[in-house]
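Two complexes come next, and they have one chain in common, chain A, joined by chain B in the first and chain C in the second.
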Partner chain A sequence: MPAMWRYVLRRMLVLIPTVALVTFGIFFLMRTAVGGDPTLYLMGHEATLQQAAQARTRLGLDRPIIVQYAEWLRRLGSLDLGRSFEYPMDVGPALAGRLPATLELTLMATVLALLVAVPAGVFTAVGRHTPLGRAMSAATMAGICVPNFWLGMLLIYVFGVKLGWLANSAYVPLPENWRQNLGSMALPAVSLAAYYAASWTRYLNTALLVALQHDYVRVAQAKGLADRTVVLKHALRNAIIPMVTAVGQSVPYMLAGAVIVEAVFSLPGLGRLLSDAIQSRDYPIVQGAVLLVTAAVVASSLAVDVAYGVLDPRIRYD
Partner chain B sequence: MRTRSGRVGSRLTRRRFMATVAGTLGATTLYSRAPAGAQTKGTLRIARGANARSLDPHINARLYDRLVLYTLYEPLIDADDRGNFFPVLARSWEVGSTGRVVTFHLRSDVVFHDGTPFTADVVKYNIERILDPATGSEHRARFEGIIQGVRAANAATAQFYLTRPYPPLLSELIDRPGLMVSPAAVRKYGKDFARNPVGTGPFKFVEWIQGSRVTVQRNQRYWNVKAIRSEQMIFQDFPEPAVADAQLRGGQVDVVTLEDLPAEDVLAFQKDSGYLVIPSPAYSWSAIQMKEDVPPFDNRDLRQAIMYAIDREQIVKVIYHGLGKATGKFFHEGWWADPRYNGPAYNPDLARQKLKASGYLDRPAPLLLYVQSSTVPLGEMVQAQMQAIGLRVNIRLVSERDLYPMVLRGEIPFSIPATWTPRPDPNGLAYILWDSRGYANTSHYRNPQVDKLLDAAAATYDRNERARLYRQAERLIVDDASYVFYYASPDYAIMRRGVQGFRYGFDLIPRVAGAWM
Partner chain C sequence: MTARRFIPILATPSGGALAAAILFLAVAAIRPELFSPYNPVRIHGTSSLEAPTWGHVLGTDVLGKDVLTQILYGTRTTLFIGLSAVALSLAAGTAIGLAAGYWGGTLLDEGLMRLIDALYIVPDLVLALTVVAILGPERIASVIVALALGHVAAYARLVRGRVLAIREEEYVTAARSLGGSVGRILARHVLPQTHDVLVVRSVLALSSVILGEAALSFLGLGVQPPAPSWGRMLRDGFQYLATAPWVALSPGLAIFLCVFVCNQAGDLLRDLLDPRAAVSARAERRPNRARAARTAPARVSPARR
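This part shows the complex of A and B:
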């Protein structure tokens, strides 16, 4: 087996204790530190303490926490994540229903941010002494400082209210109508991407400035290579490695940002499902969603490590 | 004497006549607004809040589900915006001489969306479903101990047998527990019925994208299909009221119905000729709540000191931008509201006197007021008003969702706001909140005189007598000050000018089925 695959396999095995630890932590935290009685949230103003007690028994919440956790693990073994307390559906389909919107949102935001960050990072490094370079530098600061919920509201105001370009901005799943889907995802993706576009631009800018001071760059310049080739082929290739780390490490934060953006644009994503579930103590949903997010974060960091090897053949998987 | 009784008699007749006319008008508004053969219009897009959970009216349906429920399902009877009942699935109804049998004569031309015919057996099934503990309906407490059973005398006659005369039953039946579900569909979908709703209503369920929207389509087999002008309705979820308002301005939605619309937005739309702002006929009220069996709130003088210390006008002006009304009472609408009574007013001198009489001034510890985290400015204003009479108060914040569960479990004895939406019958709230046996009597309020008045009022079908008893009870409850009422406000629906046929139910739930653009 090639070294890389052995490495991937090993990392996959690490996933198991990681997920176990995280879900165990969440299981206990939700039930002890966060507290609150899910059955009372469920029934609202119609709740009576007696009915709540009956509901607790029905949901198995009257058993010791460790027993509940063991039961959850046992079901997980047969790929059963349980049933939501609040929504009339099983956790699996509930998460699956919300996953596409979040995946699409984060993916679009990543692509968008990269499309801006790579050229902008190069330009602000190479042309840092030009007025445009300075202006772009200032713009990246603004991008980092503006909170995404505020940007989202601003975009709705400008494009929706003032320009009236969003007549059909209601969310439609991608397979149903891709045009309408992209229409409904554009502004959320921009809101989420703005911070990362700016932050990655600065990241690449710094990495490139460092790379440009290396001897190999001077050698390349001395050989008489065109500036363009020196920057794009030699310096950028080296500067992009730390950038890959930055992108990979942004995944958890992007998912967190998606919670807010999904709320502002009323997108039916995973983030909003999770934040609602935490507020209403919908334990099965919280556990399922955390499991999924943990897996996503571990997988993204694995993907980053694998990408290193592709970008830099000197890196070995031992 | 003769003249007098004659006048009373004629007034009652006229009242009945008016009720019938109002009922018919109400029914007309919803069910037959359009002229016969009118063309259907396209899609109506309605923004609602984001707490939608279930399309099963008997289990877990929240405020914003209810809006959709009335397009999919129908009750036996409904109430117009003045609280008068009108027939829907029942053609008529009558109460037997003992007051313990209520007979509904049903329409015979109604079928569910799945083809199941609507009959008296269906009514029996629905009520028994709620009463069955295995269903897990949160509405069971509303029927338990009151409905003994339902008998299907024949296909078109359903008789409710009650343990005692119970006039509030009719208004319970216009709410969720009275909406009729298809027994065949409940059996078919089991626990997934809430995602596959089947009713008799003017619209059929199309899809529910969890967290985003619900779509319903005109039911071509609806018994009064000509009255329905919209071809399709889309209910879009908006966690942020400000975003819903922006989408309305941008033309992406036609109607916005959220309970916590910012007052500034409501006022701005009211001034804008491009939009209609429709207030609900009934008022939600808000109060400071105290638990009577926990010191120092077991001290009536202290509670009354707080009652007189609250400057309600200032609260309405500053916190609510003048929208809504400053009031110290809780019955604001319907035949039972007392137009000559507005509850206690701001009176700092009397408040200081009461505080002195309470003996609480000598104690050094400040009171701890639990404030819902979304209403901090309100909490701070109330704190300042109490401090102005010499009562020291500290604030602790509680999240919106935690507030009521904590009150219910008796963990927080002093909190703001307690907000309740009126039911179409005064007994609805009065009994659960202030009767010593009420399931939501979280103040642990005990006043034998109030118990007696509420019992008597819920046992007679004579409206004048009931109104008299409820008004008496209201004054006692207000004066005992376990709840210090300060504010009442309608809900507001904002829509593009051109939307027609929208109406609010007396329960503050919009009935949008007859609306079109």
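This part shows the complex of A and C:
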């Protein structure tokens, strides 16, 4: 599909200045902020002015901001994100070390939310006049109002404090011990997924109700097809297209949600790294993490566009 | 938006309950002392982490402060920050959207929309965290600005889209040919056409800002003591989850209820004011009519910006 790839390439060219604007904005604002001087955090209040000045020179903070930014961009060209101010390590490996937990958390939450949302969306549309359908609609209404960190606490209280199932639930990387890993990720994934399960259920419900009004559904019914076939083969396939957008657009919010869910469950993820780095003014880490997050957002938005073309052959990229 | 359309809704059980809940939240925010005899900041060392009793319906926290009282006083903080952040993002987003839409296709539009794109691709909580860290969390204004920034892009895009359509209308051309100034045309002819969607959007934005404020406070970057805050109560109570779960779990319930009320109000207003977006709700109420499907919004083109 060459037209599609041309389209993707054009979109990426448009997005480069946007991502550059984001990185420059954060670069500039953090360095000009009141109390934005990281030497204060690195050296404590006992440091003399001379020591602080030396540290600023060592970190390259005494140069004009635009020069610092140009240097950062130049290094980025060779995939070097710089060195953390606070930890004795490069930003790249620091991010890479934290990425698996966040990726796993968001992936698990997405899969979990979809596993709930697709059947629930179909059921709340088809069985909307049954008591169970109404109860499920009410549950989705509640689901979109629950703060994920509070749900996390509630789950810790029920499963950890009351049932005592979380005695051995410290985070273990997936390759080390997959059983223990899944055990430690289950509750965080549920906390993060709840909102999306509810929100996507509502989305699919709406799309399906609209799809069921179309003439092609009536034709399918008139042909004598079973209700199940009409709903699942004809209406659902059309209703699922707008849902792809909903899922794709949720990626940034899920990453943001991961920041707080990781804090509740003490997971060593990107979100926690970012919020810690922001508080300790570790600029290189903040820069790198924000770049990674915005890249993920951009990639997901492109993926949605491409998926559109695959799912709906009527869409042309021109 | 007339009172005549609102009154029948208030007479229904769900509409009445919603109105009562909004009234309660408003009164609790303005005069919390009407509902509680306790002082929200006074420390009682002898009654630390007391379980719920008739005297303290939701128990006490580690400093012996009544949890219900703190929740009631926290309503003011939550609603003040929420409403201020929504008002700020509404004003900024509308101004940007009006300018970009009215001068659509020009360099100004292009520049403003790139700025909006940049705001849009940073997840809201990440943006809020960064901005609070930059401005310093000790001031309530920085929390408001941080939360407002996350919603500017949505308002700007909404208004720009509306303005792009409206500016081609004949009455706008007429106003322009009569020598109306840009400010007058925008204020008198364009802006009134956008307020319906903006009202709906604002009520829904309020619920998201309330959640954002709670999340910031939970991470320790929101409202600082002594101002009572639901998110910080959750954070402080988290360490006593095993021994005194009421301290952490009750403020979460307050956040949940407040967000629920906002979402319900938003849905209700959308049905009233923005019939196009409410088309699915109508379809549900009249399952056998195909009209709703035909008036459904057109297929989204992939070239979204």
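The rule is short, and it goes like this: the second predicted complex is superposed on the first by the 304 of 318 C-alpha atoms of A that agree within 3 Å, B and C clash if a C-alpha of one lies under 4 Å from a C-alpha of the other, contacts with A are read in each partner's own complex, and residues count from 1 in each chain.
Everything that follows uses one rule, which is that a residue touches a chain if its C-beta (ideal position, glycine included) is under 8 Å from a C-beta of that chain, and two chains touch if they have at least 3 such contacts.
On a predicted model such as this, the values are computed, not experimentally measured, just so you know.
Student: Would chain B and chain C fit next to each other on chain A once aligned, or clash?
Tutor: Partners clash after overlay.
Student: Chain A residues in contact: does chain B have more, or chain C?
Tutor: Partner with more touched residues of chain A: C.
Student: Looking at the overlay, does A:Ala263 come into contact with chain B only (first), chain C only (second), both, or neither?
Tutor: After superposition on chain A, A:Ala263 lies in contact with both partners, chain B and chain C.
Student: Return first, second, both or neither, reflecting whether A:Thr48 touches chain B, chain C, both chains, or no partner chain.
Tutor: first
Student: May I ask you to decide whether A:Ala194 touches chain B, chain C, both, or neither, giving the answer as first, second, both or neither?
Tutor: In the superposition, A:Ala194 touches no partner, neither chain B nor chain C.
Student: Looking at the overlay, what does A:Tyr171 touch: chain B (first), chain C (second), both, or neither?
Tutor: first
Student: Please work out whether A:Gln279 is in contact with chain B alone, chain C alone, both, or neither, and reply first, second, both or neither.
Tutor: Both partners.
Student: Between chain B (first) and chain C (second), which, if any, makes contact with A:Arg58: first, second, both or neither?
Tutor: first
Student: Applying the document's definition of touch, where does A:Met153 land relative to chain B and chain C: first, second, both, or neither?
Tutor: In the superposed model, A:Met153 contacts both chain B and chain C.
Student: Mind checking 169-177, 313-321 or 385-393? I need the stretch of chain B that runs into chain C in the superposition.
Tutor: 313-321
Student: Just which bits of chain A does chain B share with chain C as contact spots?
Tutor: 36, 153, 156-157, 160-161, 263-264, 279
Student: Which stretch or stretches of chain A touch chain B in the complex?
Tutor: Chain A residues touching chain B: 36-37, 40-49, 51, 54-55, 58, 83, 86-89, 94, 97-98, 153, 156-157, 160-161, 164, 166-171, 173, 263-269, 272-273, 276, 279-280.
Student: Given the complex with chain A, which residues does chain B contribute to the contact?
Tutor: Against chain A, chain B makes touches at 45, 50, 53-56, 59-60, 62, 133, 136, 138-142, 191-195, 209-213, 234, 236-240, 242-243, 246-247, 249-252, 399, 401-402, 404-405, 408-409, 420, 439-440.
Student: Going by the contact rule at the top, pick out the chain C residues touching chain A in the complex.
Tutor: 114-115, 117-118, 121-126, 129-131, 133-136, 207, 211, 214-215, 218-221, 234, 238, 241-242, 245, 248-249, 252, 255-256, 259-260, 263-264, 279-280, 283-284, 289-290, 292-293, 296, 299-302, 304
Student: Residue numbers of chain A touching chain C in their complex, please.
Tutor: Of all residues in chain A, those touching chain C are 7, 15, 17-19, 21-22, 25-26, 29-30, 33-36, 128, 141-142, 144-147, 149-150, 153-154, 156-157, 160-161, 206, 209-210, 213-215, 242, 245, 252-253, 255-257, 259-260, 263-264, 274-275, 278-279, 281, 286, 290, 293-294, 297-298, 305, 308-309, 312, 314-315, 317.
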